[in-house]
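Can you read through this structure? Questions will come right after.
For clarity, chains are labelled A, B, C, D and E in written order, and residue numbers in each chain start from 1.
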Amino acid sequence: ESVLTVGMAAADIGQLDPHRATTTQDKPVVSWMFNGLVRFKPGSSSLEELEPDLAESWDKSADGLTWTFKLRKGVKFHGDWGEMTADDVVYSLKRAADSKTSSFASDYAAVAAIEAVDPSTVKIVLKQPIPALLGIVANYHGGNIVSKKAAEAIGPDFKTKPVGTGPFALVEYKSNESLTFVANKAYFRGAPKIDKIVYRFIPADASRDLAFTSGELDVVYGRQDQRWVERFKKEPNVVVEVVQPSELSLFHLNRAMKPLDDLRVRQAIAYAVDSKQMVAFKGAATALPPVSVIPTGYLGTDEKAKLYPFDPAKAKALLAEAGYPNGVAIKVLQTSLPTMLNSMQILQAQLKTVGIDLQMEVVDHQSWHAQIRKDLSGANYYSAARFPVADVYLKQFFHSSATVLKPTAVTNFSHCDVADKEIDEASVAVDPVKQKELWYIAQKKIIEDVCAVPLFEQLQVWARHTNVDYGYQFKGAIHLGPVITEATTKK
Amino acid sequence: MTAALRDDFIPDAEPPALVVDELTTQIRVGRTWYDAVRGISFAVRPRETLALVGESGCGKSLTALSVMGLLPAGVGRVSGGRIVVDGVDMTAADEPTRESMRGDRIGMIFQEPMTSLNPVLPIGFQVAESLIQHRGLSKKAALNRARELLELVRVPAAASRLDAYPHQFSGGMRQRVMIALALACDPKVLIADEPTTALDVTIQAQVLALMADVQKREGLALLLITHNLGVVASVADRVMVMYGGDVVESGPVRAFFARPSHPYSEALLAAMPRIDGDTPLQPIAGQVPTLTQMPTGCRFATRCALRHDRCAELPPLTPVGDDPNHLVRCWARMSP
Amino acid sequence: MSAPAPTAAAPRSSAFGRATRSGGLALGVLIVVASIAAAVAAPWIAPFDPNAQDVLLVLSPPDTVHPLGTDAFGRDVLSRILWGARISLYVGFVATLAGVVIGTVIGVVSGYYGGLVDRLVVAATDVLLSFPQLIMGLLLVAVLGASLTNLIIAIAVTAVPAFIRMARGSTMAMRERDFVDACRALGYSDMRIMFLHVLPNILDELVVMASLWLATAIRTESTLAFIGLSVPPPTSTWGGIVREGFDNLLDAPWMSIFPSLAILAVMIGLNLIGDGLRDATDPRSPQ
Amino acid sequence: MTATPLLDIRDLRKIYKTRRGWPIPKTALVRALDGVSFTVGRGEALGVVGESGCGKSTVARVALRLQEADGGAVQFDGTDVLAAGKTDLRTLRRRMQMVFQDPASSLDGRQRIIDALGEPLRVHGIASGAAVKPAVVRLLDEVGLPPSAVDRYPHEFSGGQRQRIGIARALALGPDLIFADEPVSALDVSVQAQILKLLETLRRERNLAFVFISHDLGVVRYFCQRVVVMYLGRVVETGPVPEIFVDPLHPYTRLLKLSSPEPDPARAVAMAFQEGEPPSPVDPPSGCHFHPRCPIAVDRCRTEAPALRELRTGRHAACHLAT
Amino acid sequence: MLRFVIKRLILAIPTLWAVLTTVFVLVRVVPGDPTIAILGDQASEGARAELRDKLGLSKPILAQYVDFMSQILTGDLGRSLSTNRPIADDVLAVLPYTIELTLAALVVGTVLGVPLGVLAAKNRNGFADWFARIFSLAGVSFPAFVSGILLLLVFAVELRWFPVISSANAADPVERLRALVLPALNLGLLMVAYVTRVTRSGMLKALSEDYVRTARAKGLPYRTVVWRHAFRNVLVPIVTVVGLYLGVLIGNAVLTEIVFNRPGIGKLIVTALNQRDYSLLQGLMVVSAFAIVLANILTDLTYGLVDPRVKTQ
């Protein structure tokens, strides 16, 4: 029996329901259990490299509003939940578009209708053409196809008893401890070579590292840290893989609160931040300088956006101009999560040199999440990866509808509204070139208004023992972790 | 030989079971050692009761502990003299030998009946323990013997009380258990350090009667430490008065009470209120000097009405009148 | 009537004598005083600014310049430990003091009066003690937020029931003593008896326990720091340093080990004081 | 005995509840005082004798309101002590004081003598400020301690000296009556004599009345004019000294006398072994409490508790058989 | 005995009620709610509000309290807000681990602490005394997460005597025991110092008691005097400390559980707190408070075994 043991840096799973799963620890396992109509090529995080998954082929109408997917036949759900049909696909996508059952409903705002044409054909009608429709039916977030029968029968428990079509099926969930998956022998791409996966939650970094070193783990989530990478690169029989996508760390400045309501103060901060030094602290192996206010590599990211250069003198001058020649204090709420707290400490030291005193109030992670959404923080460090289209990032972080305290609020902590027009127009733009242009303008405006200061980007780090072969080149991980497929082997 | 054997008065020459000869015991205060017991000598024969009396702190308990070899380590030490128990020289013996003597040939009863028994062990076992230790008896046999001993000291329903714990016994009963415990291995010498001071008079009478009874029956040599002259008068054969670590007077009970010769002995008797007789009380002025401030000569001199220059020198023990058994240590009371 | 002079006091202040003779108390006091002195003098004796980051020095092992190495931000660990002592000792002292004062007052009153008051107090301490201590601290810091004051409150709250119990027990034992009855017979008010007579007599025991609690409090800070709830950065505390060290334990063990040793030293110091005081207040102790 | 006694205790009852047992504690009732009555006149020393645990201390504690009574009455100079309110009690306490058995534990070890003796003066407004020290020195002088004692702590004194301090403290408020709870039993014979003489002087000079608790008949005989003999929470005999000891009426008094050794080998008490244990107050014997140890007990003693009867003038005993 | 336990349990009800109420109030005062944990950080405010309604979290606090209490009264701990699993299941799944770890740590603490304490008392102020005191303190000075890793580094990674992940092979009893050793040692070290102290001071006191002198007067060898006579009397304070630590260990197990990756009540409480899973947190607090109540009962029962004075009237 070949058992693959994966160590994850978390205390417990977040959500196993694919339409709810958003945390780093949830996403990889969802990818092992579910399929979409199309899929990201294993080992890739690029929207350009989507390939057929449950759908064998697809067409789109000339106006780009109607898409028809031809489904693969004979695909079985895990257990006794029968064959996957168009009904399941329709059910799943509708479920993903409904905010009561899904966290990704907004991704489907442009979808007008989803219908089963026949048991193996699904039609999606759009209100307006969207650039990345394939993206939202891919094996990611809302695109994951669940069993209608199972979801309806299991009800609220579905989040601990998910049923999909993927190469592995969940058999056991021990809270705070592990998830166990067994191979789905009837997987449509063929029976997996790995018999079982044990996904262990080991929140303490050192323990996880030791378990990996001692051979109790085959694959381990790595720390996004230079020293970690170097240490394990030195070990024999270990392969360290640093992969896309990156998470962008942004310092959102609350434009509704003093003193950051003053553009000059915001600009001073932008000038005071030394991204290069940040990257140096984090280590070149895992960190990159930011390119824009959205992560690099997304569809629509302006890779050459004009960011403020590091210029402490200018920062000081601006502060003085704004009426703070002796410096200024900003009260911020900060989560106690060590990695985020650490980055914040570097930022704190950098700002200190120009006389900006970042006064942190450290609270536990949930309190922080709650309080920053109540607009209680003067500025806000937030690090995130999103679906790799500029639209999502821009809408969630910089569109006024996402501003905190509004019912439609998501994560716009800065009360940014300078690029609403461009963002809205871009999302309905039919012409990809025009669309890209709008996105670039949006980024420019946001940067200029300093809604947020980009700090650095951080790549995902995973390590495996050499006897594990994923079956593909692990270069990108849209699921934030390796996809274990039917081809993965352990010798 | 020594002073110890000179005060011999019992005609039949049974050898003494306990001989203490020129015992000096020191106590450490700070870094200095002080003589707390200063060259005292006595002997106790089988069936005989020697009472050691004196005010609190005069060295009675230290004498007893020296004999037992139980002086607190690092604080007390025997610095001179000889202690012979049943023919064994305790001062010369090593610790294992002393261990084997204790509880076997010499037993001791302590003052506090409430705290001298181990609260968490059954009475029967505590009595039996030394039998197991010294006689190698099995636990069962030892307990059997313990029952007999408890019967001997008249613990009612002894058999059913072997499993009882000390807290279930009254003070008087506990003291009787202590007696049984000390008698377990038929010792030759029994030291009782204020065995009844903590008890009520009626219970005191009970315990003393019992001790006397057992002593005569088993032929024990009894060293009874007390400061109650009434008790002495009632149970002792001979009496020895200590003051500040010195023996100041010793003699047969009748002779002593008839003619207390040391000023301290006199004062002691005069300070004791009596049930009958209306002699006025005569308190002794002043206090026992502390160990660190002992006068070099006669230690009672500071409080003595008969004090004169010679008292700066320690007087020897000399017979009172023509009684060779009644000795006193006082320049003023020496026979001319 | 004889009027004997009081005996010139024999070995004076014997409790002090007993305490100093063992040497432990002296050593303990030395260690603790040295720690406090180091904390107070941190601004002058710390070789570096505790918050000065240096990207070139990240996690460099101990050497002559940084005798205890540097941390993940290239900050000097020795300087951070020295500065951290200020917060850690302060938190420990203040939290313990608060716990002792509150717990003692409640405990003395409860033990002195007995009855219904007492039963309510006992019930309340039972409730407090039914919360696992760490969890209690966690909840409290979560409720109040992480700050120096709240940290102190969280630690003090866990100390209160312990001191209530102990003060209550000692007070009840004191009540058995004749001098309390003597005070009552003299018509003193209850307040006077509780706080001018009972309290001074149980103080030594409380001090012993407080010295031990102080050690626990310093350690609790490190535990709360592990869960991320301590004084906000960049302020350094021993617990905070250990915690940051923990993230790099396999790369830079010195970061965790040195502050742990500092905690150990203070613990030893305080325990020696505790034992010394215990020995000193036990009149039966030999020597 | 005077016509209006200073202290009049009538049918005093006190029941202690003790909870013991494991795992479920049971409540046991200890009848510490089971209807105790006696009177004390002005300037009179009344001895209270009896076995350990018979309730001697409890009488004092209840009469001083250190503990609340469960029944009966205590009149002090015409005032009902048991019903006294807070302010009345304060005045009463100035007039009734107590000297404790253990001089070491009855003094606050952390108070200098000046404070130990000065505090009651200050609390009761008898002296304040600079007047305190001379008052304390006077008190010390009265008990035979030098003025230099004021700055010392209790542990720097010997047992006898400490007891003098305890007495001085009791005297501080100028009482009319002192309960002395075994004030000399922790002391050596020679020191004991000093204290007894001191108390005797005070009694005469200040016309102080004493309730003098002791178990030493010799001491009681020396110090007291009348004696109350208690056994297990009840008074079994009362009478004047020395008659009560010369010719005890109750068998328990007789046993007490027999057991008290005299420092005279000629009159050595016959230390005959007395069977019987002092009975437990939790579960007292029926009838006359003394009957299990009584050599002359008859059937009636086992069932009927004898009342205290006046058998001679001024002499009472609670025994069916005494005449 | 049974009556006693039942009686004590009944007496504990007000305590448990107060604990529950306190927890109820505390978790609602803590900022944050479970919706982010459930919906993720991309969920809109509207979606979260909807979920709050669904979970009954927008009801008035008093109504929530009544709901909660009436549910508890039916003996039902309810379901987890985030996983919707019955809380009783989650608790039962980890309870054996917690019990096992706590008891093992208790044994470690006692087995190390008691002899050290006796040794220290016997050689007062000697070398052994100093060694025992400092060694025992070292155990408490290193925070559990540091000492845990050090233990792992030495015994699991270098020597490979024990596994790193304690819950790896829970089915095999031998493996399970092997996995228990290091965590138990790590947690147990926490109490060694205190047990040593209490034993030492208890022994010092006991050794100066009159009954020890009596035992010596019987001619017993010193060893026997120490262990049979003195030590027996120190059992009461030791039991008190050990009983007290039962509660302390339950509360402090969380760090050890995290480092050794063991499931357990402590870790679950922290997770529940982190996810604001109110119902799970409440359920767990009932369980842990109940465990402490049981520990107290057990301690009281043990007194009867070690001290005859307690047992009889």
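The criterion applied here is as follows: contacts are C-beta pairs under 8 Å (C-beta built on N, C-alpha and C of every residue); 3 or more make two chains touch, one makes a residue touch a chain.
Given the structure is predicted, the values throughout are model-derived calculations rather than measurements.
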Chain hops separating chain D from chain A, counting only touching neighbours: 2
Touching chain D and also chain E, the following chains: B, C
Shortest walk length in steps over touching chains, chain A through to chain B: 2
Chain whose average C-alpha position is farthest from chain A's own: B
Distance between the centres, which are taken as Cα means, of chain E and chain B, whole angstrom: 54
Between chain C and chain D, centroid-to-centroid distance (C-alpha), Å: 47
Rounded Å distance, chain A centre to chain C centre (Cα mean): 46
Rounded Å distance between chain A and chain E, as computed from the means of their C-alpha atoms: 39
Chain A residues counted as touching two or more neighbouring chains: 204, 206, 210, 363-364, 367
Multi-partner residues of chain D (each touching 2 or more other chains): 158, 194, 197
For chain B, residues contacting two or more additional chains: 283, 287
For the chain A and chain E complex, residues of the former touching the latter: 11-12, 14-15, 20-23, 99-100, 103-106, 156-157, 159-160, 174-178, 200-204, 206-207, 210-211, 213-214, 216-217, 363-371, 373-374, 384, 386, 396, 402, 404-411
Complex contacts: residues of chain C adjacent to chain A: 51-53, 55, 58-59, 72-73, 141-142, 145-147, 227-230, 232-234, 243-244, 246-251
Contacting residues of chain A [partner chain C, same complex]: 204-206, 209-210, 227-228, 231, 277, 280-281, 334-338, 341-342, 344-346, 348-349, 352, 359-364, 367
Chain B residues touching chain E - in the complex, by the definition given at the top: 68, 70, 98-104, 107-108, 110, 112, 115-122, 129-130, 133-134, 165, 167-168, 178, 181-182, 184
Sites on chain E touched by chain C in the complex: 14-16, 18-19, 22-23, 26-27, 29-30, 125, 133-134, 137-138, 140-146, 149, 153, 193, 197, 200-201, 204-205, 208, 247-248, 250-252, 254-255, 266, 269-270, 273, 285, 288-289, 292-293
